[in-house]
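Listed next: structures, encoded as structure tokens.
Both complexes below contain chain A, partnered by chain B and then by chain C.
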Partner chain A sequence: MTTSVTPDADVIGKRSEHLYFALRNPKVVIGLTIVIGLLLLGVIGPFFLSGSPNEYVGPKSEAPSGEFWMGTTYFGQDVFAQFVHGLRSSYVVGGLGALIAFTVGLSVGFTAGYRGGLVDEFLNMLTNVVLVLPALAVLIVISSYLEVRGIVSQAIIIGLFSWPWVARAVRAQTFTLRNRDYVDLAKLTGKRAPQIIVREIMPNMASYLLMSVILLFGGAILFAAMLDFIGLGPTNAVSLGTMMQQAMAWSSLHLGLWWWFVPPGMAITAIVGALYITNVGLDEVFNPKLREM
Partner chain B sequence: MLELQNVWKSYRVGSLGSKRLTAVRDVSFSIAPGEVLSVVGESGSGKTTIGKMVLQLISVSRGSIRLNGQDITAARHGERKEYYRRVQGVFQDPFSSYNPIFKADRVLETVRESFFPGVKRAEWSDKVDQALLSVGLDPTAVLRKYPHQLSGGQLQRMLIARALLLDIELLVADEIISMLDASTRIDVLNLLGDLKERGLGVLFVTHDLSLANYISERVIIMRHGAVVEMGATGKVFGDPRHPYSRNLLASVPQLHRKWSEDPVDLEDLEPDGDRDVAPPALREVDEGHWVAA
Partner chain C sequence: MGRYFRRKLLIYGVTFFIAVTINFAVPRLMPGDPVARMLARNAVSNPESSEALRSYFDNLFGFDVPLWKQYLNYWGALFQGDLGVSIFAFPSTVSSVVLDALPYTLALLLPSILLSWIVGNGLGAMAARNKLLDNTVLPVGYILTAVPYMWLAILLVWAGGVILGWFPVAGGYSFALTPAPTWTFFVDLLHHWFLPFLSLFVVALGGWAIGMRNLVIYELESDYSNYLQALGAPRRLVRRYAFRNAMLPQISGLALQLGVVVGGALVTEAVFAYPGLGSLMLNAIQNQDFFLLQGILLFIVIGVLIFNFLADVVYVLVDPRTRLGLEGGQS
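Take a look at the complex of A and B:
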């Protein structure tokens, strides 16, 4: 009987094992709850509020009340409406920036690691050059040249500057994995290089890739907030960073309008912090040695 | 059937490929159907490189490899895939030949995917069962299991079964039993003998002289990338003419000989010289028995 039971148990094995531990890991659960909760607020919220968060709808500088949940700005704009729209754009920047960085990093890393030789040396050089570029300085220059700065252009700029770490790690891992015999065996089965990368090499670093996407996402949100705060944010949209920048510009700190800058600051901290917590939790899920149970 | 003609292989090493390392120098030999040819030599003698070149996992620098008169070194992807229908390989480390995150029988499934996309499931599983039975494996015991649940011997035999799913004429066996324990070794070795009986050619790469003696008709002894002695197993092992071959034979540990009573005395050999010049020419000392001058 045992012989027929063991294989079945293992068939379910691996994949759902990770899900099992992920859903029972408090760090992953707490982190994802915060991230997804704020995401839902940003996605659904704007449908119930006015489409233009910068409209002057209420009395100036009013503290939070039943009508204006997070009060109003110095000019009488609804802070909650701005907050919800800002969440949405922060997630868009984070998601798009992470996606671009991930795609570029993965392509460069896999090509360099798998092909090796001169291709690798060239791509590695490119990676190192982008890595040592003072991203902030370059971003300031680029941003100041763009006449209309939108969320998308910001995401693209961020994405194009945050891929090197991914590329380096992926390259290093591909380097060791491509010498495994199963890669040779796949070649003997007549598989082409892209198929081998996607079907033999990538699954072996799936956990690492998932975690790097999460870190890129958090990093992009943080970077976007920084750009916004120094005044290089989107000119045609509201984001959490521009809210804080506006609040600082109109000296809300001195006027005591704490409801203007605390919510966006808290939200950025919460999202990025929650992403890091999720990441630590996922580390425990994928690496059984770190599990506390 | 398979013929190597003046094959050279040099690798580019160092930064930007500034240096060259010659691994195989001017090697020529052929394998007939139903013949086991052993390639013996120390580490770094180029024997594995020869196996990989025959499998077209690495390219040939100079010379040609022909299968039934057809040069395969310049083949494109499609032609190479056809070549793999007739020539397959099994590697040294059974645990590295399987992708650890997939089930072991995936190596059989990919063969269907690549070479027999039209074959129906039921028909295919019959074929798989047959191939597994012919290598002495019980299909119910090895299918739908992860590699770590199977023994090294089972894994190696499954790889041979994988090769048998195709109508192969030549099997390249690169140290396939050096990672197995002694009791399973002989099973796999006998299996190679069975394949030979069926008319398969086997290129048996090994560093173990006794295995070469046990299984093969002809043997090639390599040193520093070149052939030093080649001929029928009985002649080479019975009457070794090259000092290196004599040393190799003297170094085989024997059950009833002790170091304390009779230490092995080795002859002095020529040091490794310039690998880019042609190695000493082979001279026929006896019928089909060639020795480097």
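Take a look at the complex of A and C:
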């Protein structure tokens, strides 16, 4: 009884240590504040705004004012309402896309690294092939054939084409870990492969995995914005990318409606940039060598 | 070295095969009927002509034979350079339309990729272990890598084209001119080329600088650097060795990054209405011109594969270990 308690306590101690350093790291704090702040705006905002973001509510092409915080579009739609809804869909695409890519990358990487041999040859080949394929061009072709495009379907196809570098890194790390003594010990006790991978190998790269999820999240948001901008965005929703597409299509540049195209791009830059900065901070948290004491 | 190239070539061969197969499979497997959509788009309401058009399109796609035969026919046509006829630019063939647009995209991509790689690596190497530079290069680099390609392009058009009026807002050359090998046309071409180039150059810069900075720091911490320093070698010399070693991952990184940059070029061209593959793709999407869209994808895949191979060759030339079949240069 007592023997099983000690390692648990140890793990908790280590976790709170990471949390302690994370909360003291300015990069993590600033990055997370921006990401969570915009997330809250996207989640809560739409409840306070009545109606759909595409409704024609105000005067046309009006500059930002007290009533319309980000002005109105060429047609008199509220830019702020679109912005808030767009944030929400960006986060959904980012989160779901990252989750799918992460799951695929993790499974492929662990299977290839742990099994080795022919399975590895095949999976490694697959990884390299998807890595070389120009993802955006393939995504454009696939989504142009979808007649009805939603946020979820977009996230799925993005996820299915952005996993290879995760798989590659996980495979390489599994290779170095799978011959450690404690893994052999676990094999001797009769544990099965999935259990060994989850219990013995995965915890050793937990920090790396967390950081790769963050990078995938940012990447998926950028991909989605580019697809939306090309005109292959969700057919039934507003996103930050479609806002920019609409702004360009109705020549907001020449009409000087800067409040239409600046906020969406700024928000994407802020979210993705904040994610990257969080990542650098987390690197310092997990790697004591990089900490500034 | 032979093994290294054989492996790489195998990967590229399989990639090409899969790209062609995706091209073949997507229109046939996707829900919905592309032919019906094309007919609906052309607003063919007369049932008789609709029927005729339908059989024409079926024939064009080769839908009237079994699937495996369609697949073989598809490859056969491909090897004869036959990618079908563009609907948007009827009656030109897809290959000719794509080949017309290709020089513009290459003229944008090659200089911007190479220059941003060189400048970014230089900046990153200088920033490593240099407090003052590091504090500016790093944050700016992260912001640049986070900027969506099209947003930076939009901002540049807005600032340089609309507000300042220094550069043209759209197009590859002025409508008043016709393409001819004259000095005026060349200057005009360059004038239109500058903003899209700048946009692509700036976005990629940050990533290279950050990558190089981290790699140089890593190399400066390694044993050989410490040894050199202990021997009293000048700082410049140590850093030069670190830089040369840090180049290797950046070369393979260049190959890996290529697909992303090409995607970025597509949306950047869309912003500037630059007459390259990106604008062509946009037109193909808006006109539901699937032949053209697939032709463009195929050209992009081939281009990316060729440049990947070139990067491999450079890698072998630069890294003697791959030449001798030692470690390094894993595929």
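Following the convention adopted for this analysis, the second predicted complex is superposed on the first by the 279 of 293 C-alpha atoms of A that agree within 3 Å, B and C clash if a C-alpha of one lies under 4 Å from a C-alpha of the other, contacts with A are read in each partner's own complex, and residues count from 1 in each chain.
We take it that a contact is a pair of C-beta atoms (placed from the backbone, for glycine too) under 8 Å apart; a residue touches a chain by one contact, two chains touch by 3 or more.
The structure presented is a predicted model; accordingly, all values stated were derived computationally and were not measured.
Peer 1: On the A-aligned overlay, A:146 touches which partner chain: chain B = first, chain C = second, or both, or neither?
Peer 2: second
Peer 1: Go through the superposed model and pick first if A:136 touches only chain B, second if only chain C, both, or neither.
Peer 2: In the superposed model, A:136 contacts chain C only, not chain B.
Peer 1: Taking the superposition on A as described, I'd like to know which of chain B and chain C A:225 touches: first, second, both or neither.
Peer 2: In the superposition, A:225 touches chain C alone.
Peer 1: Examine A:258 and indicate which partner it touches, taking first as chain B and second as chain C; both and neither are also allowed.
Peer 2: A:258: touches chain C, not chain B.
Peer 1: Would you check which partner chain A:276 touches, where first means chain B only, second means chain C only, and both and neither mean what they say?
Peer 2: The second partner, chain C, only.
Peer 1: Touch check for A:288: first (chain B), second (chain C), both, or neither?
Peer 2: It touches nothing on chain B or chain C.
Peer 1: For A:118, select first, second, both or neither according to whether it touches chain B, chain C, the two together, or no partner.
Peer 2: A:118 contacts chain B only, not chain C.
Peer 1: Have a look and say if chain B or chain C is in touch with more residues of chain A.
Peer 2: The larger set of chain A residues in touch belongs to C.
Peer 1: In the complex formed with chain A, which residues of chain C make contact?
Peer 2: Residues 10-12, 14-15, 18-19, 22-23, 26-27, 30-32, 34, 37, 139, 142-143, 145-152, 154-155, 157-158, 161-162, 169, 256, 258-260, 262-264, 266-267, 270-271, 281-282, 284-286, 288, 290, 293-294, 296-297, 300-301, 304-305, 308, 331 of chain C touch chain A in their complex.
Peer 1: Spell out the residues on chain B that touch chain A in their complex, using ranges where they run on.
Peer 2: These residues of chain B touch chain A: 12, 15-17, 52, 55, 57, 77, 80-81, 84, 88-89, 91-93, 96-102, 107, 110-111, 113-115, 144-146, 149, 159.
Peer 1: Looking at the complex, which residues from chain A come into contact with chain C?
Peer 2: Of all residues in chain A, those touching chain C are 125, 128-129, 131-138, 140-142, 144-147, 165, 218, 222, 225-226, 229-232, 241, 244, 247-248, 253-254, 256, 258, 261-262, 264-266, 268-273, 275-277, 280.
Peer 1: Contact residues on chain A for chain B in the complex?
Peer 2: Going by the criterion above, the answer is residues 7, 10-11, 13-14, 117-118, 121, 180-182, 184-192, 200, 203-204.
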